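We call the chains A, B, C, D, E and F, going by the order they appear; numbering starts again at 1 in every chain.
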């Protein structure tokens, strides 16, 4: 019943899923991570997630000597240690930090070593309350908070240093209505991403457009759209004008795969309904993974306790 | 012998100085904090630190209902619970986070509440190895990594989302020599701050200059220089040219108070010696607090275990 | 009963208050203007308004040969031609455009000459519905739309080319609540102005701060605060952090003089009440002009027809 | 003999082609529009113009419920109402504004409704004096005035808020010579557009290059070059260096279709003559529409009254 | 009769005033310099020029071991070696470069050493043709070429790497008229300096304003205005709007001291006449140095050969 | 034995390879140039170098009337005048400047005319000491100094005004180790070029990427990679993240053709070894020109005198 985690080679109880306040992870937001999901207990694109993690580790120069294979085994081990009734879909979180800063330790004047932790929890928790969005769509809102440019903090490095995304969540929670999600602009006014999701539009000619890869997290779900559907997708400088004149739009992210965006700053995109291309992709995706993505989430929704969305702040 | 911490009203053992990986503090770097020091066991400018903490809390909209007085009492309590032989100078760290994100909890769909933690450790640990810098001075190095502008992430809000500062530390650790500290430029090439210290220069006419308050952490030690010494100090757009032509320069920060900067990118500032104004301020400061600031740190230095500085990365 | 206007030296019926679609005013937004108000039928700071108009005319190089005195006389003439029962407070609008573009005229290949028009209407119309704001205060909201920098379109030139302000109005009208007014940031994240009002804060020490004069319309009411109250006011780079930590804030503009701003993006400023300094200035101002500024507007409010505010868009 | 206009469903005399000074069109430059031309009395690409108008309306959120077909019929109606001897080529101007601001109306506190107006005038008036440019070419001059970036005011939205273009016209009119037209750079120094025309170059290899579509009005004539000639055209970041090394260059715009640019800031482009590619396109275009584009305009030129060009200011 | 120069301690004939094309001075524009003038054969502010030279040398890290006194003596020596009939006013040029790059020398793999050269020529040559500007004033023109920001190339370092200034000269030479001088804007549209002169305005209240010292060469004549006249001068962000509304304006530079600027981009400043404040300063300056500055230059003008100004390019 | 140069049509001794300090080349860095190399005494891509020179001349508007053929003949002439034992590989430097500024000449008030100079020296001098880099690779270091954007000073114009490159050399010379070469970022953090070399990466999929042509010198060697090897190469916005995740990287430049870059800021690229694609290109290139490029340089290396690299400053 109790959940377990994997840390530096050991299986430990969930209560150990904690980090010292003297760890560089908390002193500087200096921790890189990945979050995954399963379909029918099988982790989706796990290797791609791990490869991206390795890239984040190399960029931030965290000493690290596990192989990709070792990480995959550790992920399997921890998933096998947990069972989540009644649904049993697993969401893994892999965290890697540089460890306790030397200046907070008496016994030696050196880093105490890289800290690797894999935790596991029911996917249901993340997506609870999102069911209705598959039908009603999201209203994307461009907050005053801008994305931090890659030259200052590269969004392709998935680190914990992203207070600006939380500030965007807070800002948009003041907007009228319940389906508002932030969509951040960059310093030039071009669209970047949500606060945990990539953005796509379908233009009048049916072409799929998404922001250039330089300025955003290069999402695994985002790349799935390109590669597995063999869909020509253009990396572009997308502006509000382009969204206003798009036929449809959607967000992609690991836990919910795809959610339709039916309005921008309160104005309908296309006819304001969930789009054809969106429906096509979602159905194909469901078939590929053998799970009714939307149905599964909406079913969980019904049993969920009510409460404010993660995007609502006081 | 074991250290204690204060958390949400309770005194707990040091081993509890940990944060859940599901806390917003780790998910977004969404934690604000303060770090203080004592002189002869008396906390220095504690109220100013707490007032700045409150400003950070309000800006980030973390629900919070402790008063300044309550926080001061909590700080006293935890310092009184610990004794650090042989020196007994205390460094407090106050952390405030929004708590576990609703999406990572089964039992309810709401924030689990603000998390307040005060830890306490020997000041000696932070400053070990800095003793020689009082005599030799620091070589300030401007890394390629630029400061994030206040419009994207306000540095006056002392948050944990500051991976870019760690990246600056890493970059400068490749520079030849052992006394290099980063000094970040902003997007316009103006000087901002170190990765945990404010910067001052003394110009040819003896005037004290420091970067404008808008783009940097408004350090308590920095403000001490203005107010307690009644020294006219100009907030200015400082460039490399200004530093090259300054008479002296120094960093200020809570743990070490002041350290001289004797060269910039390898070129001597003034005659390359520790400056007169620096010495005057350090002596006055020592008198005011009844502690020989430099002597105390250099004494600790002698007993310290050797090891790489916190600013050295592989 | 019918209202009259002044145009190029003639008194004409209000129905002539129109501009040709071939006028440069409509082709390029190439019209400069001023809007004034009276207290007890006496125009307030009329000369200052006219001087600013002349500066706009010179900058935009509209051929113009009326003197300041002539313009003042024209303003008097038109006010004397109109009587607005029951209140009789007059709002003048002075428009100056370059005239019909040569390319839209058959008979000659030249500009048809500068077009000067002064219209007059009851002040009551502009301020209807604002009465409650004197007591409840405004919630300033920073929209995603940024101010256009002075180097591209100088805001000190009061021209008609300001669609971006209307876009800011539209954006903020989607924010929850009825008292939201836009407060535009510049490209660096510094506060500029509202979409027709200047902004001030009172800091913790009681100092009055307002954005630098370079990036905003240099409002007549804004300058009245400096000069007529002999109040030291600092032109500053004001950020959201400064507003969060201010004691009070307010907007100034010609029709309503001053309105309190009691929250910023939904968060209380100070104690969230109308501020002391605000009340002091408003009372002094009322005494100087012999009109109870707040009382007069609140009285009009009672008789006003209900309807959406000018800042609400569908 | 008198001309007629169409306004909100009615045919009215030309004298009604006026807008109230209280209309949002004049208060904020808040009016979107299109201007067309005919070839042998047949409107060219009318549907494309109307579609672009609809996009401008949606972006600026002007309430609007006419269909594209209705607008086309209205355009036909008004053209049929007018006859322009001796040439009979019609230029239509379609203006749409949000109507009178609520604050300038006594009777109700609401917008008085969208204002739609179509006017019609001889094409000859616009192009008079341009005949010689077909042979001599234009000298493109880069003014100090920069284009406003799309993030602040999207140039793809054809609005009346464009005083900066008039300022560019004024600035360039001080340049020596009579054939100077402004060519605006953006904030990064890349070429954008003229003050009413799109820009193309032909590079050394014969490739056609034109600025990216994001930063400029997406001209109907510009797109005609791509689509109807099946010419590969590259959207590019064009710099002054590229123009200096181009073989030829030209402007496109609705009234004159294409005009050669034979020098840049006074330096010859290529051999300084009208280019081959330009001649090819102009001839093809003339054939397609059954009008000798250059011949028609040069014929009008001969009869035209002399006078300063629209680009000359005192 | 032949002129002499000083180079690395030797007096040599003028024909030696040359630099190897393999010198870093020519390979990178890597040479710092000063240019001075005399009044009645006495060098003006020579020590200030030398001090600025030393600052340039330190910033660019050119190895250098002459003292200020030594440099002053060398300047005296070379002036004493030359006699310029009939006027005998001397202009010195002091050049310091890093020497021949190691890669262009066979015999050793090291820098061949710093190269110091002082040349001397009649002041008359520089100012010939400027006489009429004292009466007619300059028309300052803002070219499309912007100043390079200090973060990329500090203008306070007087180096030879300034092709952008020559490009500005070229651009403005296409402007109509003979009295045009460039006045460069920075990237934010603020005024910086001419291509060899500092800029001042006198505002409506009589206050003297000049651009901040960070973005421009800190001219010796510019500082003379502050210090020797005890005139309060404000370093400011000056825009075109400020110049349009100024009462007068002028340039300062070593050879001509001060020249009036009577129009900006073709529009009169104030009444378009030479200003009172300008005249006052010029008279005082003349008295201080015992030379009728304007008279001397205008006298030379009369005898001068006619020819295009240095600011005219084909 | 003595070397000869070509100047304005004459063959002169090497000692004449000097420029007057009054030449615009030294006053403004206003000289454009090319540097070439031979393979077996045959100049490589000489015509491409000359064509680029002509583009620089046109852009900077230096009066010039030599044809490309004339320049080629002059280059041949000067190479034939010199013989460099034992290797006899020639490096030509072609310099073109505007001549002495009119203000530094007594006899006339005009430019004294364009100055064209071709010098010739052993290639060996430039590449001495680079031999080991073919095996060990370069560590590319991103200095704090940023590239100057093309809008301010176009890097495609090969001028002498490039002090910022020398400053980058100086900055990087303080970095630990001997194989460090600067790699400049632009203002957006994108990679531009070295201080005399173009940069390429090979990504994980084997694709060749190099920065867009707009922001860098368009190197002849860089273009050789595209065209002569028929290799698809993508012009891209390359970031540090891309380099960290590349398989290999290299610099190209005329004297050494190609050198491997095996680490970035001290972190290995790929496996930290010289890459396969690099080796392939270098071998092919060697075959095409009939010279073992690496072998030739390494052979020179052995005989070379030891000394600091051109990139080491005190």
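Basically, contacts are C-beta pairs under 8 Å (C-beta built on N, C-alpha and C of every residue); 3 or more make two chains touch, one makes a residue touch a chain.
All figures in this text were calculated on a predicted structure; none of them were measured in a lab.
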| item | value |
| --- | --- |
| Neighbouring chains shared between chain E and chain F, ordered by label | B, D |
| Interface sides of chain B and chain C: same vs different residues, half threshold | different |
| Distance between chain centroids, defined by C-alpha means - chain B, chain D (Å) | 58 |
| Rounded Å distance, chain D centre to chain E centre (Cα mean) | 45 |
| Separation of mean Cα positions, chain E and chain A [Å, integer] | 58 |
| Gap in Å, rounded to a whole number, between the CA centres of chain B and chain A | 32 |
| Chain B, residues touching no fewer than two other chains | 61, 151-152, 185 |
| Touch relationships between chains, expressed as pairs | A-B, A-C, A-D, A-F, B-C, B-E, B-F, C-D, C-E, D-E, D-F, E-F |
| List of chain D residues in touch with chain C within their complex | 17-22, 24-31, 60-61, 63, 93, 95, 101-110, 117, 119, 121-122, 125-126, 128-129, 145-148, 151-153, 159-167, 170, 304-310, 313-314 |
| Chain A to chain D touching residues, read off their complex | 185, 188-190, 237, 239-241, 244-245, 267 |
| Chain B partner contacts - residues on chain F that touch it in the complex | 141-144, 171, 174-176, 185, 187, 265-266 |
| Chain B partner contacts - residues on chain E that touch it in the complex | 55, 58-59, 61, 149-152, 154, 156-157, 212, 214 |
